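In what follows, structures are represented as structure tokens.
In what follows, chain A forms one complex with chain B and a second complex with chain C.
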Partner chain A sequence: MSVAPARAARRLSLPPSAYGFIAAALLWGGTMLLSDGRGGIEMLSVALSFSIFSVAVGTGQMFVIASGPGNIDLSCPAVITLCAYVSMNLMGGADGMLPVGLIAALVLGGVIGLVNYGLVRALKIPPIIATLAASFVVTSLAMWYGGESTVRPPQALSDFMIWRVGGVQVALILALIGSGVVHLVLHRTVYGRSLLALGQNARAAQLAGIRVGFVRMTAYAVSGMMAGLCGFLLAGFTGGAALNMGEAYLMESVAVAVLGGTSVAGGRASAFGIWGAALFLSLLVTLLNSTGLGAGARYLFTGLTILVVIFFATERRK
Partner chain B sequence: MTAVTDVPTAATPARKPALARLAPILLPIAILVVILGIVFWMRPIAMSYFGLTLMLKLSVPLIFAALSQMLIISQGDLDLSTGAYVGFVTCVSAVYLGSDPALGWAIIAGSVVLQGLVGLFTWLRRLPSIVVTLGMSFVWLGLALFVLPTPGGQAPNWLTAIPQWRPPYVPLPIVVAILAILVFEVTLMRSAAGAVLRGAGGNPAAVTRAGWSVAGLRTAAYVLAAICAVFSGLALSALTTSGAPNIAPAYTLLSIASVILGGGAFIGGIVSPFGTVIGAVTLTLVSSVLTFVNVPSVWQIGAQGALLVVVLLARGLVSGDRT
Partner chain C sequence: MLAQREEGSMTKTSFNSGRVLSAGVLSAVLTVGLGAGLFTAGAASAEMAKGDTSGMKIGFSSSYSGSSFRQVMNRNFEETAKQAQKDGLIGGYGLVSANNNVTEQAGQIQNMVLQGYKAIVILAASDTALNGAVRDACSAGVKVVVFAGSVTEKCAYTVNYDWAQMGKAEVDYLNGRLKGKGNLLEIRGIAGDSTDKDISDGIHAAASKEPGLKFVGTVYGQWTQTVAQKEVSTILPTLPQVDGVVTQGGDGYGAAQAFSAAGRKLPIIIMGNRYDELAWWQKQHAKDGYETMSLGATPSVVEAAFWVAQQLLAGRDVPKKIEVPLLTVQQKDLDAWVKATPKGGVANAPFTRDLTSQIIDANEKGAALPAIPTPKS
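Right, the complex of A and B next:
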């Protein structure tokens, strides 16, 4: 891995985590111009509340991707679905069981993350295949366990997801605080610095005394836990678990992490950059839905904007 | 994916014990033989010309999708848009190839050129292929929905007639598999041009010093991969006689799994056309076997995942090294 020499030009350029916010701002501003400023706050508010889910799963993905080239977690959609079913069934709609459901989702997600890492480590197979194989098995588990049944989430969870104080969604504030914690962990703790060092150069990190295996293992566990959390919250928000609920989040988790400034080569992560990318993608979906264009146009625009953003957001190497 | 260019191991494999060297070839064969053995033991009637034709016909599109993915992987990249692109081709086939062949072929040719440009820009800007092809998968899905908003259409008669053809003695899917192996083993693995093409993925610096344009080679690899994917889409629409934008999302991951099952590696331009084709056939057969042994449908995908793990575990044990 070649560390690019610092160049004067680079100092003037924006950090990679800023591009998502810029794209989101441009998109929002453009929409405001077209609609004479009507409904801007509502649009932003809807996009933000949907961003919570992609930020949750994207943050986990970020830990894995940042831990070195080739590391990726393809099992998130399956984990989201399975954890949603397990936690909803455990709670059975009872408010008092909320902590149990939440802990179950986190623990189950974390365990699947550990299994993922075990496959990568023990079988020496590329993470993309290991997590894919694991996701196949988890998908089967979800279909077997969840099946056609739909257990409604506890009323308290559904209420919490739409609870607003002074017009501000409480879940959103908590999610932002969570990202703040992740930011501190990444940049102010030995663990976070170890993770990024490992992502930049695993060999050098090992020689510097970092327990490479342990750090990478926790990255996969965090990814599983965040996917579990996403499944728990999403099921609460949408009125129950469903077999295809995780589907969209495979691509979405990778997209928000990378567009948010996580380097695919590893070693760089941004907890808040993900918000910019998630907000941008949510705004895009909201906007395209409101224009009444067909599904074809929506996919086409989503794809093209991902391409445009990655084209400008990727720093030039060599 | 980008950081391994200075590792010379790909070009100069150390001498290993014979078993370890042959493992990447023997293991896919062994697995295929085991799976076929189970099929024949459970359903002796499958051991016939028509049994094999029926059982293997769905492997044909996957073989081409896997070869397409293999070309991308030989460049050290990964194509997450394979399934969406194959779906797009089935739509063009079902809507235009019968009614307006000139337009249909023009669209397909244009899409192949676009895929080449994707390869070119990915290299020139050093973009992460995972994200670029992820974006492209949305683009192809969107375009496919423009061409054919709901599944349907009608594939041209000449195309749907092809799977009906019954060659003497050897079932058609096996003929296709053997031809695909021969073509790729000769061109990609045994010819000078093929070696340079693989070298662009394995050691771009060396290829550049030898006077080749890595950008050109990688564009060529992406174009060839797109042509393989077009074959896959045409084969799929020939079998289904129609098209659908969302017909083949599973091909993205199944094609990657076929390449890895067949002994390919994500780094260093290491791929095996023979193994890839066998891998694709094996993955198709696995679902037949799982149906035969009455594995409930909910466990089928899980069993495929477990099989993938077992195979890779076996390969790791036999060859004792990396993937």
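Right, the complex of A and C next:
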């Protein structure tokens, strides 16, 4: 991907990360029409609180996808589940153990990310295969470890996830601040610049003195950690770790990253664009649910709408 | 996906003790269920077969093991089979799981035939795609028992719930509680799944007779608590007051969370026998007298399938279709069931060889299904 044409295209049109927000705004308006203006604010508020989880896992996915063509992490759902089980079990419902649980989720997720990268690098397995294979192993561990039951979170974690000050969800604010940090890391640090440079052209990046292997390795580790964080928070929000809790986040993590303006070819990422994409996907569900259409029609519309947004959000060379 | 279906489905089912259901609902459930379940019963010796099966192996081919429900099911099978082997009732057992891949499951069934299994119980990943493998097994003289679902191949025996009746039982309960008038939210399972369709059809068939009940929304919860919570949360702002929620299992607690988080008045949410659901209901009942009912499948249905297979091997003439009862929890038995259900698990109760034999009898005669006892509190 050459940089100059991309810049030219961006000057002519909106940044790719804007389309998720635009689509979300359109959907919100449409749903308001259908529901006679009922519940507009609540709808947004619900969409935002569920976006926290897809943004967390999607941000990790974004690091990996941005690190170059073909890089993807399909182990997210399994990592979410395993980290949720491990952290919930460690805490055993005790509020005082919260930091331990959080750190365990992050570390375990990070380690799995490193293993993913190891498979890709050392064994030269394509990332799509390597992370899928890893996800089977991780899922088996979760089955063996968590197995037959749902493990409840400490009350303080559940309370925190729904804690609102002046009507605003605190976890949401923290998540937005987190995205701000990610934004700065991507665009204002040597590491972030290296990641994007590597995604655009690994050979050129290497010649420019960037430690390609190290940068890509950290991208996979970040992805694992973010999935671990997602599992920790999700278990707190939904009442516990369960074996199938991560399933919904496989496609979702990729979808929010790509719809949010991450280039599938690597080299471009947007920390805030993911929020637009997550809102869009969540509001799309609200809209389709409130139409009362049959399941087939809902899937059809979901697919078509995503195609339309991707069409606008993706840069195409003439 | 299919895998989940079961779990969902199963989760919903429950065993029920005759005494559990409110008279009307229960007897309706059982009689109708049975009525429907009155398939051509072979002229059968209506008692347990004692033929020597001590040298015969029974296998279990599961479509999927990726949920807590299925994990419990696998354990139930292994424990039951192990004990049966110790008691000299079978010669061995084996379990394979196919990760929801029908081709893989068909291959596993063929392997089991080659390995000399005399009977195979199957939780099928598809109601049509396994037909070839099932037919081959039958022609090789292997008894095939498909449970918690079905295959269209005629040579297989089926051990299943009456899903439509489950939907009807939910609507009947809500109709009674709401005195015939109210707004309902329907949480379905997975689109395109036959169990989902059967339950939903049962719900709508029953509700169509009650003009006062109105469906204000439908979401697909995929029999998964996290998904159900999200789907219900996102549709709630667009809905008027909701008075009742019909569910398919594994989704009641997520729905309750969604209503609480939205600061909405709690509707009557039908639960699906998960520990979380029962514990939440118990807590809510202590707080403000909240009442509902819970029903669903049990992981132990695999035991019923196992014993049907054993009885077939022992020479009993068993009807091709055996209906098994759902586990239903009513208010008065709630405390006992919460206590008996493992934390974070699902309400379960064993299908023993005796009980299974009685169930076969009931299916042969078209009589009411035997009751599954409420645990002693």
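Note that the second predicted complex is superposed on the first by the 299 of 318 C-alpha atoms of A that agree within 3 Å, B and C clash if a C-alpha of one lies under 4 Å from a C-alpha of the other, contacts with A are read in each partner's own complex, and residues count from 1 in each chain.
What we mean here is this: contacts are C-beta pairs under 8 Å (C-beta built on N, C-alpha and C of every residue); 3 or more make two chains touch, one makes a residue touch a chain.
For clarity, every value in this text was computed on a predicted model and none was experimentally measured.
Annotation: superposed three-chain arrangement on chain A; chain B versus chain C shows a clash. In the superposed pair of complexes, A:Ala248 makes contact with chain C only, with no contact to chain B.
In the superposed model, A:Ala297 makes contact with chain B only, not with chain C.
Touch criterion not met for A:Ile210: it reaches neither chain B nor chain C.
By the document's definition of touching, neither partner reaches A:Ala105: not chain B, not chain C. Contact with chain B, but none with chain C, is seen for A:Leu119 once the two complexes are overlaid on the shared chain. Once chain A of one complex is fitted onto chain A of the other, the partner contacts of A:Gly70 are limited to chain B, with no touch recorded for chain C.
Applying the stated contact rule after C-alpha superposition, one finds that A:Val264 touches chain B and leaves chain C untouched. In the superposed model, A:Thr139 lies in contact with both chain B and chain C.
Using the contact criterion defined above for the overlaid structures, shared-chain residue A:Ile306 touches chain B, although it does not reach chain C. The interface of chain A with chain B overlaps its interface with chain C at residues 139, 143, 147, 295-296, 298-299.
If you check the complex, the residues on chain B that touch chain A are 1-4, 78, 80, 121, 125-128, 130-132, 134-146, 149, 253, 256-257, 260, 265-266, 296, 298-306, 308-309, 312-313, 316, 321-323.
Every residue of chain C that touches chain A in the complex is listed here, in rising order: 4, 7, 65-68, 71-72, 75, 188, 191-192, 217-220, 222, 224-227, 229-231, 233-240, 253-254, 257, 261-262, 274-276, 342-345. By the touch criterion stated above, chain A contacts chain B in their complex at residues 1-2, 69-70, 72, 74, 119, 123-126, 128-130, 132-141, 143-144, 147, 251, 254-255, 258-259, 264-265, 294-304, 306-307, 310-311, 314, 316-318.
Considering their complex, residues 31, 34-35, 38-40, 42-43, 46-47, 49-50, 139, 143, 146-152, 162, 234, 238-240, 242-245, 247-248, 282-283, 285-286, 289-290, 292, 295-296, 298-299 of chain A touch chain C.
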